[in-house]
Structure formats: structure tokens, C-alpha cells
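In this document, chain identifiers A, B, C, D, E and F correspond to the written order of the chains, with residue numbering beginning at 1 in each.
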């Protein structure tokens, strides 16, 4: 049984992530969706807690009846000690055969750590980007159509877009 | 939809844990199984990595077709800063309505943190204890019957009992 | 007996902080002045140690005979793990009934943590700002009139403004 | 104006600590009472949070009208990096001229760090010992007479002795 | 026997560093070359691991037959807790009589920590700068002439310049 | 050119360590002597700082004219996150071909991390043991003959045995 790793911060989990997940599921029996930078939240770059991000992905996975093929878990970042990132992944995550990422640094670290890495085709990269979604939330513009509808509903229920605007308005 | 939290170190996940999980599933729609002390491994008390423990639980959950009702994830311990443990749980885990534990300190910390706590009936506590399983592994005695058979197979495949004996033989 | 929390970095403690403290003391029996980001010093944003900042506030409190109503202590920051900040405050500080802050993120985190939050009227915000005081120190312009005179004396005695210029001149 | 440092964990602050504080106040104009190991709580050795310990000392100081001569603050421990302990004290605490301690390791570290160290006469050491007080709490015996009455009242109000028994009953 | 401290990040060790080392060796019997920020690597500012940087310096030292006069070791940075940096140096490094640096903040911290500090004459500062070398690597221009030839060879062998370009191409 | 890794805490570096070092040098062109648990000192198990331990080894290496074949450096421990220990070694140390150790846990971790591991013949293990040397220091008995004479001299110069007795006399 083959297993792929899909790692990201998922701030938030958007339709591009969903397309990528489906694409990987077309190639692997099972996928680990690993929520990275798990210790952070309430910042511009990481507004949502690890728990909230797991919740988003769980909602999507349940809606698509993929619970038997997707393992959702999380992993902290290594505070810029990049040489420990792949060892951390190996210790915190169940066994995986391959990793899927388009990020050059992640790719390099994974390859240096002996992991086979595959790229993911982009699905409308400019539109389906977490940075873009967060910018729309900050500006108070429409963002809901860029994330799966169960995720949009959840973010609104927890006041996630309002939280981001409050974070943005904070003097740094 | 109700959701319960079942937190433990699961070193390893044994039949007592399985009975507890089933018992909680009789009371809740969904259960979060949170693997605690996620950063530790290769010690007498914590021989298995977080990833290995998630793997054990995933194997059991799949065998019982419970994937749609069980969220398996992990959480680090707070290096003795006990007053941060419940806040950490709240940030790292999806929403939960109740926690299930028999540990007095965990119970107190959860109650102080505003969480409703329930006890779990013990299932043959002396026999089904992770400490007991690890002792049997160290002595080279039979331990396999105390854990679900998919877990026993997995531990043997990764050489988990041998690892524990090597850790034990290390001068401290 | 009511008690308010006044939290800040106090880099340095200026006349705006003093006005705020007096204003809170008009509403509460006692005030905890909590020096935040206690672990940092010798940087552009945090030039003074926690001990130096406590000293500044102690000098002011003694001059005004407020020792019986003001508890001065300190608390580290959580290295961007914002979800642990309020739990940390609750563990490191004596009991408080309300917090006073104008910072949107602090307000949000405190409210999420179940703390009642009040705003503080600004006292000449552009002039009485710690950032502004530090900029004047760096430029070698007059800053002394913006902080209580006992604080100005203390900073000059420890060579605080010279320290800031040296930090500034460091290539980053 | 002379200032002495009185550092301890104060788990809890007992009558021996109070006698020591009074004795130091007979030799110094001001005393910094520094609550050490500030990050820990809810353990057998460190049952009370830093905030609770500051509260205990504040209650005592106010009752004796010593607010103008005693600075109460806290400092974390250095996770066994003993060579950083005195530098941490110097950074987190206001200026002090001398330290008072009977602990041989603390004395050595302070002396190595260039601090003048004085011993404190013991006041009935076996009776007035924090370890002894905690043992009595665990056994459910009388401990109240060993701490200042305002401290006894406070500990009972927050259920501190019950907390310690629950910690004790936890399987480790 | 006199001993000087030469501390830097050495990302990478270039000809300016080499000239400085020789200059210090003209004044001291022995020199400690301390590789700072040891925990970081694979970033724009810190592309090389501590081990790789020790290797570079070792290659240079061996080529010049300076092994008997140069101690190469490393030290982590203190995560912005600048007040602990000099204490950390004192604990992690063998005894030294003087430090050599041109960095104003390092100088100040060392002086505050009681260390005698000397400046180093600059050797063609704009050309022999680690930042400049890294920029040339990123642009794919010639950088090899700016570092000792054994270092250039080593960096090419481990693919160091390619690594830096991959780090640069990563979206942040 | 072959290179071996000799890792230990060297608390202190004794004649058994020296014999091991010579034995490894008989098999390798160069040896990295890596001082482990670098961040700790002033405890019963780790009385000496990393800098002091590097100094001891440097003294021995110079006396034997081995400076051209021995790289002395240090590495922190991972606070019980054993799964990160070998990755840390790989990042903090120059390239090595083989590791030499008799410790079962170290061996296992190294082997899991893809490192070739060799055992070292013991040289009078009961006598030449760092634990034994520290016990003799604590009891005030003769220990000097168990360490190289330059190390004995150095320890006496810095008062290392007295320090250990003071640490021992500290109530824990």
C-alpha cells in the first residue's frame, strides 16, 4: 500500500489544496496531510491554530468520504533550524513513500534527507493561494468562493476573517 | 455532533486503550485520539515516535472501519510547564466537548481549564497497562497478546521490542 | 479589592505610560504592571533588560508613593505562539479582574481567554510613544522630556541612549 | 541605597522565609524577592504558579507595611544550563548589591558571576521548610501554622493543598 | 600563552576572514575561531551548517599548517536574548584573553561582560564580505576568487552555491 | 582521507578516553572529538562547561602533537528528543565516515541514521570511568592518576574538584 505526504501550512485550506489532494490520491493509496508550523496562530501569516486547520481538512475529507484514505495530523516548525525539519517529519509522521511539494527549499531538504519528491500541478495558482485568501479577508472582500464551502462556513462560524482583520490592525 | 477527547501517550497502544476507545465511541459521535508527548522517542518511557504511535492507532481504526469517527493527531508535552498543557491542547486539537481520562493531574488541569472531564472504566488495569507491556518487552517475555494483533505485527516489523531492549541496556 | 492588569513592553516607560497607570489607578484598587517580552534586550525594539524596566517603574512608583497599590513584575513572550500568551499571563501573574490595553491583538487574545478588557484613553499618542522615544535616542535628539524625570536620570546613568545608538550602528 | 537579593522558589512562602526576609531587611534598605523557577507549577516540587507565589508574598508584604522596601518579581529557571543562571538573574532583576542564600550551588554560581553572597541564619530549619510543608499537605496533616496566616488563608482559598494531593495521587 | 577569540558566522569563510585570522595570529599565541549561530543553515543568511563551516576553516588551517595555534569550535545564537550571548561564549568556549570584532553590538555586549575587545583592520571590506559572496552565488556570478581556494573547492563539491539559489527561489 | 567520530560527554576526559582516541587514530586519518551535552555544566553528571572540556582535550592533543589529526568541537543534547540527535550531529559536525561508541542507545540511533558504527575496546573500564572519577572527587579521594596529567593540572587550577563537592552538598 503506497502512501504520499502532502505537507503545508494550510492557512487556510483552499480549493487549490483540495485539487492537489485529489491529484495525489489519484497516485497513492493513502495520503498524510500534515499541518505544518503547528505551534503558531493569531499572526498575519498563520492566523489559524493547528486544531482549526485540522478541523477544516477533516470537514472536507468527511464530505468527500475520504476518511479511509487520508491521515490528518500536524508537525511544528523547527524555528529556522532547517537541517532538523526532515528528521522531525520522519519522527512525527507515519511512514510515507514519497512527498509532494512545489516549494524549492522543502524539496531540497527532503531530497537531502533521502526522500523521493514529486511536484504537484498548479491549479490556478494566483487565485488559489492562501496568501491571496488572507489578503481578501483583510480587505473585507469576498474570499469564500476560493475555499471549499464547508471551510468557508467553518471560518465564518469561528470569526476567522474578523480575527485576521484585528491582527492586521495591530501596530507592529 | 458530539466529540470526545481521548489523550494518552500510547507507548504502545494496547487492548485497554482499544476498549476505552470503543467505550467512548459508545458515548460520542466522534473521538479525537491525541498522541501526547509527541516529541519524545527512544527512551524507556517513550520508546516509539509520534509517527509510529499514529500508525498503530490508524491500523486499529482501519481494521474496525472507524475512520469516519476517529481523528488521530498528536501534541507535544510542555516540558513540565503544566499550566500551559490545556491551552496547548485547545490550540493543537480540533474542537472537543468533553475529555476522557483517569489521570488525576490531567483531570485537574482540564477542569481548571474549563473542560468537562469523564472517567473511563478500567479494563483489566494491571494486565492492560503500557508500562507492563514495555516491561515484558524488556524481559523478552510474551507481550503480543496484550495489544491488538495489527499493533503487535507492526511493532515486530519495525523491531520495536528489540529497540526497547537496547535502550534498556544503555548505561544511564 | 479590585485589581487591573497593565501590560506592556515599556521600552522605555514614558509619560504616556504614567498617565495610563494613573488613569487605571482611578478605576482599580491595585494595578499589576507587567513588563512583557522579559527575555529580550539590546535590540532596536527592546533595548532595555526586564530588570532595567522594572527599575524604571519602581523609581516612578516610589516617587509617587504608590508602592502599596502597584505590583511590578515581568513575563516572557511566547516566541510567536500567540495562543499561549494569555495562559502564560494567568500563570505568571497574580489574580487580576480586568486588563487594560489598546492593542487589537492583545485585546482579542485576552477576550478569547475569557478576560474582561478595557481601553485606555490616549495621552498625546504621537508624542508619548516608546517608538518615538527610541528614535530620538538614536538620532541623538532630546528625548528626556518624554519620560518621567527619574526615568530619564536612570537611563542616562546606565548609558541607555548610547547603547541604543550602538545597537543601531550594527550592521544587520 | 543598598539592595539585597533574596531568591527562592517559595513553594510555598513559609515562616522561615519571612524570618529571613526580615533579617535581610535589617541589613539592606531594599530587598528584591525573586520567585525562581517561574515557569513551573502543578508538580510535587512546584505546586504553585509564579503568580500564586507572588500573591502570597504580596499579601505578607502588605500586612507588614513593607511595600516600599520590597520588590517582588520572578525569574524562570534555565533548564539545567546552570552557567546561564546568574546572567539571567542580572538581566531579569533590577540592580542588587548582594545576594542572600544558603544553597551551596547557588552561592558558587553567584560567586563565579562576581556577586557578593551572604548566608542567612536558619530559623528552625527542619520545621520551616517548604518540603516539609508540602509533605504535610500531601498527608492531610496540619501545615497552616508553618506559613504566615495570610498565606494559609490564600492557599486554602485556591484549594492549594487539595491540588497537591491530586498531583501526588497521579501515577508517574 | 595568550589566546584571542575570533567570532563570526563565516557564511562562508572568505579571504577577508583569512586576513583577519592571520592578523590576530600576529598578536596572539593561539586563536579560537568560533562559528556562531551554529544551529542555523539552509537560509539566505545562513546557508551552511555549522559542520560545513568548521570544515571550511579546518581546510584553510591545515593548508597553512596552523593546526597547533587555532582552535575551531562552534556556539549557538541565543534567539535574540542578547544579554545571554557573552555568558554563553564564556561557557561554550575555552578560556580567552581578548576578543576581536568590528561589530558594534558584539563589542558592547563583550565589554558589558568584562571582555577586552580589539578591532580588526578591514581588508577590502566591500569585496571581502560574506553578504557579497552570497549575493554573487545567488546571481550565478563568479564568487570563487573571494574565498580561499580550498573553500571554493569544498563549496562546489557540496553544491553550496546551488543550494543557495534553491533557497532564494523559495517563496517566502 | 578517512575520518572517525568519537563522541562523549568527557566529564572529565580521562585516560580511558585517551586510549580510545589513540586506538581510533590507529584506524583513521583524522578524528572528530565531539563534546556532547555542551549546554550543561555545574551539575553532578555534568560538572564542567563545554569550554572547559574542549580545553582539557586541546591540552592533551597538543602534548601529543596530534593537532593536525584531531578536530575538537561540541554539540548540544536534544533534551530527550532522541530522534533528532543524529541529525543534529550531522548538521553540527564536519563530515565523518564512521562513528565509534560502546553505548547501545547511541549505536542504535546512529545505525537508524545510516551511520556505520564501530565498538571501542575497553581500557580498564571500571577504573577509567568518568563516573568513577567524579565519585572520587566528591569523596575527596585521589583521582588525579586516572586522567592525563595535563588534565589533572587544569582541573585543579580551575578548582574543578572543589566545584563538584559544592554541587554535591547542595540540597536537591
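Simple rule for what comes next: contacts are C-beta pairs under 8 Å (C-beta built on N, C-alpha and C of every residue); 3 or more make two chains touch, one makes a residue touch a chain.
As the structure is a prediction and not an experimental result, all values here were calculated from the model.
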What is the shortest path, in steps, from chain B to chain F when you may only step between chains that touch?
1
Count the touching C-beta pairs: is D-E or A-B ahead?
A-B
Rotating chain A so that its CA atoms sit on those of chain D: what angle is that, to a multiple of 5 degrees?
180
Inter-centroid spacing, chain F versus chain D (mean Cα positions, whole Å)
37
So, what's the distance in Å between the C-alpha centres of chain F and chain E?
25
Chain centre separation (chain B, chain E; CA means) in Å
46
Among the residues of chain C, which ones contact at least 2 other chains?
39, 41, 49, 79, 81, 83, 90-91
State which pairs of chains touch, listing all of them.
A-B, A-C, A-E, A-F, B-C, B-D, B-F, C-D, C-E, D-E, D-F, E-F
Give the list of chain C residues in touch with chain E in this complex.
39-43, 49, 79, 163, 166-167, 169-171
What part of chain B is in contact with chain C in the complex they form?
81, 83-84, 86-88, 90-91, 114
Quick check: in the complex, which residue numbers of chain D touch chain F?
79-83, 103-109
Sort out for me which residues of chain E touch chain F in the complex.
38-39, 41, 49-52, 54-55, 58, 62, 65, 67-68, 71-74, 76, 90-95
